[in-house]
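As written, the chains take the letters A, B, C, D, E and F, and residue 1 is the first residue of each chain.
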Amino acid sequence: MFELGVVYRNIKRADRKAADALAQYGSATVHEAMGRVGLMKTYMRPIYAGAQVSGTAVTVLLQPGDNWMMHVAAEQIQPGDIVVAACTTDNTDGFFGDLLASSFMARGARGLVIDGGCRDVKTLTEMGFPVWSRAISSKGTVKATLGSVNIPVVCAGMSVQPGDVIVADDDGVVVVPAAMAKKVLDTAQAREANEGEKRAKLASGVLGLDMYSMRDPLAKLGLKYID
Amino acid sequence: MFELGVVYRNIKRADRKAADALAQYGSATVHEAMGRVGLMKTYMRPIYAGAQVSGTAVTVLLQPGDNWMMHVAAEQIQPGDIVVAACTTDNTDGFFGDLLASSFMARGARGLVIDGGCRDVKTLTEMGFPVWSRAISSKGTVKATLGSVNIPVVCAGMSVQPGDVIVADDDGVVVVPAAMAKKVLDTAQAREANEGEKRAKLASGVLGLDMYSMRDPLAKLGLKYID
Amino acid sequence: MFELGVVYRNIKRADRKAADALAQYGSATVHEAMGRVGLMKTYMRPIYAGAQVSGTAVTVLLQPGDNWMMHVAAEQIQPGDIVVAACTTDNTDGFFGDLLASSFMARGARGLVIDGGCRDVKTLTEMGFPVWSRAISSKGTVKATLGSVNIPVVCAGMSVQPGDVIVADDDGVVVVPAAMAKKVLDTAQAREANEGEKRAKLASGVLGLDMYSMRDPLAKLGLKYID
Amino acid sequence: MFELGVVYRNIKRADRKAADALAQYGSATVHEAMGRVGLMKTYMRPIYAGAQVSGTAVTVLLQPGDNWMMHVAAEQIQPGDIVVAACTTDNTDGFFGDLLASSFMARGARGLVIDGGCRDVKTLTEMGFPVWSRAISSKGTVKATLGSVNIPVVCAGMSVQPGDVIVADDDGVVVVPAAMAKKVLDTAQAREANEGEKRAKLASGVLGLDMYSMRDPLAKLGLKYID
Amino acid sequence: MFELGVVYRNIKRADRKAADALAQYGSATVHEAMGRVGLMKTYMRPIYAGAQVSGTAVTVLLQPGDNWMMHVAAEQIQPGDIVVAACTTDNTDGFFGDLLASSFMARGARGLVIDGGCRDVKTLTEMGFPVWSRAISSKGTVKATLGSVNIPVVCAGMSVQPGDVIVADDDGVVVVPAAMAKKVLDTAQAREANEGEKRAKLASGVLGLDMYSMRDPLAKLGLKYID
Amino acid sequence: MFELGVVYRNIKRADRKAADALAQYGSATVHEAMGRVGLMKTYMRPIYAGAQVSGTAVTVLLQPGDNWMMHVAAEQIQPGDIVVAACTTDNTDGFFGDLLASSFMARGARGLVIDGGCRDVKTLTEMGFPVWSRAISSKGTVKATLGSVNIPVVCAGMSVQPGDVIVADDDGVVVVPAAMAKKVLDTAQAREANEGEKRAKLASGVLGLDMYSMRDPLAKLGLKYID
C-alpha cells in the first residue's frame, strides 16, 4: 500500500543493458513478450509523436494539485531513468512543465510518465523531452502536502515498482518488472527475428489464414462460409 | 441482429464509381448530402492527419480481445474496399498492427475503421495505411473465439451493411448506404459547386446574415438587438 | 443566468494593449498570474498544434445542433476578437467550418473557442484559423432556434463575460476578466522576467530543492529519507 | 441508413406470444439465448429498480434537444409495444416526462428505452412506467425539427428494427429480431429449465470446476496450481 | 473570475418566499419557467431518491482534495440556504460527510450541491440531509489551501451567484438568479395550473398531436406517413 | 507484474479478527486511518445500497469477456474472504451472476469486488450477496483463456495482494495491506472514539472553525472577510 512522506534513496534498478535495449522493440512487441500484460491504460498519450524510449523507473506519488514531490524526485534521478508519477486521486492538473523538464534532463532522465496533466507542451516538444500523460493542462499546482518517492505505485492502472523498466512510444506505456527485464528482452528479440519475413510474405499477398494455418481450427469451431 | 461464426463471400458492393468519387468531397459534405445522418460517433479519430478516403465496406464483427476475424476478413477484401470492424462489447485492445496492414494493403484495402484499438501507429503512418479507431493500444489479442465477416454491424453508433460506402477524413467517418451512393454523390457535387463562390463572398466581408437572408426569420422569431 | 434571443452590440472590451500582449506569455503563465484560476476544462483541445493567441471575447450561446447564432455573432466581431461559443447542453456537433471561418477572418477574429464540435479541420489548418473545441465532427447543424450573442456564458466550466481576454495555446484556454487584464499582464511579465535564469540554473544541474529552498519545509512536514 | 421525416404506420411486429413471454426470462438469459449478442450499451439504466418487461418496438429517431417525434410516435403505439428512441447525435436532454408517459400508457405502451435523457422520474416511478435511459435531466426540449418514426435505428450501440422484441430489466436492454423471437424463447426456456438444479448444486458446495468438468481443459491449457 | 482567499459575509439573498416556494414545482418545471436554461450538468445526482428542495445559495470555491472552506462556509449559512460547492479543478474526493452535515443542519442548511465527492452517504440518508454530487467517495481531504466563500462560482457547468435560488430534486439541479426568482415562480405556477388537465386528457387517450395542434405544422415541414 | 495461468493455493491472509472488525468502521474511516490512501476509484459502485463488509482478499485476474477464472477462484475461497477481480483490459461484461454467487456463498465469501460488469442484480439483491462493480451488464462471457488466481492485481486503480483486507460499503472500497490490518484497526477505533462527541457539538451549533481552532491558521494564510 502507499506510504506517504518517504523517499527511498537506494532502489534496485533493472539490468541497465536490458533496460536500454528494450526501447528499440517498442511497447507493442514488449507487451507481447510479457505475455500480453503490463500495459498502462490507453488514456496515457504522448505529448508529441515519434518518441520511443525505455529506462528504469523512479516513482513518485503525488497529491492532487500538488507537484512538490516532483522536485524531491529530481534528486533521485540517475542517467537512464524514466520518472513515473502517480496521484492519490484522479487529477489532471499541470504538475510538470519546462522548468522541471530542464531539471530532469540535467539529471539524465529520458522522459516522464504521469497519470496527471502536463503543461508547456510546445516547449517540451522543442526540448525533445517526451512525456506520456492523461491530460494537457495549464493549471499550475501548489507545494503543500507530502507524497512519496520510490515507493510502489499504481500508474494508469498498472503497478510499478521503483527500478522496473518502462517502455514507451506512440502505442502506449508498458511496465517490465526489473527481474524479468532480461528474459523479456530475449523474448522480444526472438519475436522480432522473423517479423520481417512475415511482413514480406503478407505484403506479397499470402494470407494470414494460410501463413498461420488458421483454416482448420476455424473450421473446427464451426466457421461457415456462405456464398 | 448479429449472427456469429459466418462469413458472407458474395456481397453487393455499391457502385464503384460513386464509391470512389465520394472521397474528394470529404465526410462533412457527404454528411450534409445525406441529410445530416450517417456519421459515426466522434470518438473515432484518425491515427494520422490528412488521410481522406472512400471505399466499399467489408465488415467484421470481433469479440473483445480477439482479432482472429481480421485474418478471415483479409481474404474477403477486394481492391477499393475499406474494412469496418465492430466489436460485441466496448474494447480498446490493439486488434490491428503493421502485419495485418501489410496483408490488407496487398489485398487492395484503402483503410480500416475500427471501433476498438490499433497499434504500431508509427509504422502504419510510414506505410500510409490510414486507420480510424477509438483508441491506440499496444495490447495484443488472442485468436480463440468466432465472430463474423460481412454481416450487418453497428460500428461507433452507426449501422453498416457490407458493401456500403465509407467516407473518412480528419473530420470523421460517414456511412453511405450502397443504394444511395450515386444520389449522394450527385447531391455532394451540387453542394460543392457554389461553395467556392460562397467562400469568396464571406472572405470579402459579406455576412452570412445577408448572404443567406437570415435577418428576417431571426427577427420573426424575436431576436432583439440591444445597444 | 442565460438570456435567450438577445444580441448585445456594445460590449466593453478589455484594454486592447493588454489583450494583445498576453498572447506571448501563453496560457500556463497567465493562469499562474491569475492566481491559478481561469482555466477552461482540459477537454478543450486545439485542432492543430502551435497556435498561440489572445484577444477579446465575443460570446455566443448556442442551442444543441443549431449554429444559427454563429452567423449573428459574425457581425459583432471586431478586429482582435476571439469568439467564445457555449451551448445550452453538452453537444459535439460540427457548429463551425471553413465558410464561417472565412467570415470570421474577414471580420478580424483571431480564433474560436467552442464547447462543441468543429469540422473542416484540414481546411481550417491550411487557412491558419485556430479553433479550440471539445470535439471534431462532420455533423452539420440546423438554423432553427434562437440563442444569444454577447451575454455572459459558461464555456467548458469557466464563466466568460463579453470583452474578457482569452489566452489560448497548446496548453489550454484561460479567461482573464477585462478589469484584470492589465494587472495580469504585469504579473505575467514579472513572472517571465526571471524564468530564463531559473531554467539555466536547473539545466546546469542545480536542484529545485535547493533553488527554491524546499529542504527545510519538507523536513518540517516530516519527509523521511530512507537509504 | 436513417431516413428523416417519415412515419411508417404498418410495421410487422414480432409474434405476440413470444414477445410477451420473453419478459419472464430477463435480459441476461435472453442475451445468452441469442448467442451473446443484442445487448445495448451498459450506460442504459432503469430509472427505478425492479421493472422487468418485454414488448414490440416502436422506434423513434429524435433530433438533439427536440422531442417532437415522441408525440408522433405516441399515435403509432399499440398495446404491448415498447418505444425505442434514438437520437441523431449524443444528447442527454429530458425528452420524456410524465405527460408523455400518460399518453404512452393510455396507448398501451409497456415502457420506454431512450438513448437520451428522461425527466419527472419521481412521478414516473409512482406511475409505474419504466424507462431505460442514458441520463436523467430536467432539461426540456423544443418541437422544431423532423425526425422519423418506425424506421430502423441504432439505440445505445444496437440496431433495432420496428417490431423487434425488446427485453429490459435491471441488468440492461436486449434486442431480439422479430424473426428470431420464437426461437430465442425456446432457447431461453431450455436454458432456464435446469438452472434451478444447477443453483441448488452450487449452493450445496459443488464447485463449477466439477459440475462443468472444467479441470481437464484448464490443465490442458497449462493452468498451474502452486502451493 | 475567481477570487481566492475571501469570504463575503453580506450577500443579497433572493426573495425568501419565492426561494421557498419554488421547491414544490421541482427542477423540470422551474427549468421550463426559466426558458429552458439554468440546469447543472446531468452528472450531478442525488445521494438518495425523493428529496426535493429549494433555497438560497451560499457558494464555496474549493481546492482539489481540500475541504477547509466548507468549515468556513458553515458559519455563513442562514436558515433556508443551500450550499453550492465548486472546485478549481475536476476532483471527486469526499469533501463532505456526516460531521459537516451535522454542522450545516445546525445552521439551517437545506442541502448541499457539490461538484465533487461526498461520503458517509448511508448516514446522510438516515439524517435526511440531501446532497447532489458528481461522485461518492470515501476519500478524505486535507485543510491546507485557501479557497473562497460567497463569490460567484461555476458549479457543474452553471454560473451561480451567492443568493441565487437553487432548486434540486431527482431530476437535477437548477439555478434561478435572485433577481428572477419571483418572476420564475409566477411562470412556474402558471405552467402547473393546467398540467393536471393536460395529464387527464392524455391519460384518457387524447393524443398530444391533437391536444397541441401539431398535425398542421408537422405536415408543413413535410412529415410523410407511409402505410 | 501479472503472471498468467497460475493459481496460488496458500496465501497468507490478514489477521482474522482485524479483518472482521474493520467492517464496522466503514470505508471512509478506514481510509482516513490508512493515512488517506488505499481507496479504489469511485466508479466502483455497490449493486444495492446498505451493505457494509470486510474480509480477506482472494484475487482473480480475468481476461476480457471471459469468466473462467471465477470458477477456479471459487475453490480457493475460505469463509471470511472477499473476491477481488481485476481484468487485463477495461471490460464491462457481466462476468458474475446468481449461479456463481450461489457457489461463492456456499464457500463462505462475503462479497465480490470486480473491475468489470455484474448481472442478475435483482437476484443477487434478494440473495443478499453484495457486489461492487464498474458496470451492470447482461452480457455473458466465454470460458476460453487463462488468467490467474491469488496473484497481486490492480483493481480499479488500487494494488491488491491476496490476503489483504477489503472494506466496502456505500462510500466505496478500501484496501488494507495484510501487515497493516491490526494497526489500521487500532487507528480506526481511536478515530471513532470521539466522533460521537464531535457530532454532538457540531449538531448543537458549535462551528468546526472553533472546535478545530481553524481561525488562526486561516488568518495566517491571509483569508479575508469582507462585509
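Operating definition for what follows: a contact is a pair of C-beta atoms (placed from the backbone, for glycine too) under 8 Å apart; a residue touches a chain by one contact, two chains touch by 3 or more.
Note that the coordinates shown come from a computational prediction; the quantities given were computed from them, not determined experimentally.
Listed by label, the chains that touch chain D and also chain E are C, F.
Homomeric contact chain A/chain B: same residue numbering on both sides for under half of the interface positions.
In the Cα superposition of chain A onto chain C, the rotation angle, rounded to steps of 5, is 120 degrees. Distance between chain centres (mean CA atoms), chain B to chain E: 41 Å.
Rounded to a whole number, the gap between the C-alpha centres of chain B and chain D is 28 angstrom. Put simply, the C-alpha centre of chain D and that of chain F have 31 angstrom between them. Under the contact definition stated at the top, the residues of chain B that touch 2 or more other chains are 36, 88, 90, 92, 139, 142. Chain contacts here follow an irregular pattern that is not a line, a ring, a star or a complete set. A list of each chain pair in contact follows: A-B, A-C, A-E, A-F, B-C, B-D, B-F, C-D, C-E, D-E, D-F, E-F. For chain F in complex with chain E, the touching residues are 26-28, 30-32, 36, 39, 42, 45, 49-50, 52, 169-172, 174, 195, 198-199, 202-205, 207-209, 212, 214, 218, 221-227.
Those residues of chain B lying in contact with chain F across their complex are 63-66, 88-93, 139, 142, 144-145. Remark: chain F residues 1-2, 4, 34-38, 41, 88, 90, 152, 154, 157-159, 175-177, 180 touch chain A in the complex.
Against chain F, in their complex, chain E makes its touches with residues 5-10, 68, 71-72, 74-75, 92, 94, 97-100, 102-103, 105-107, 117, 119-122, 125, 135-140, 142-143, 145-146.
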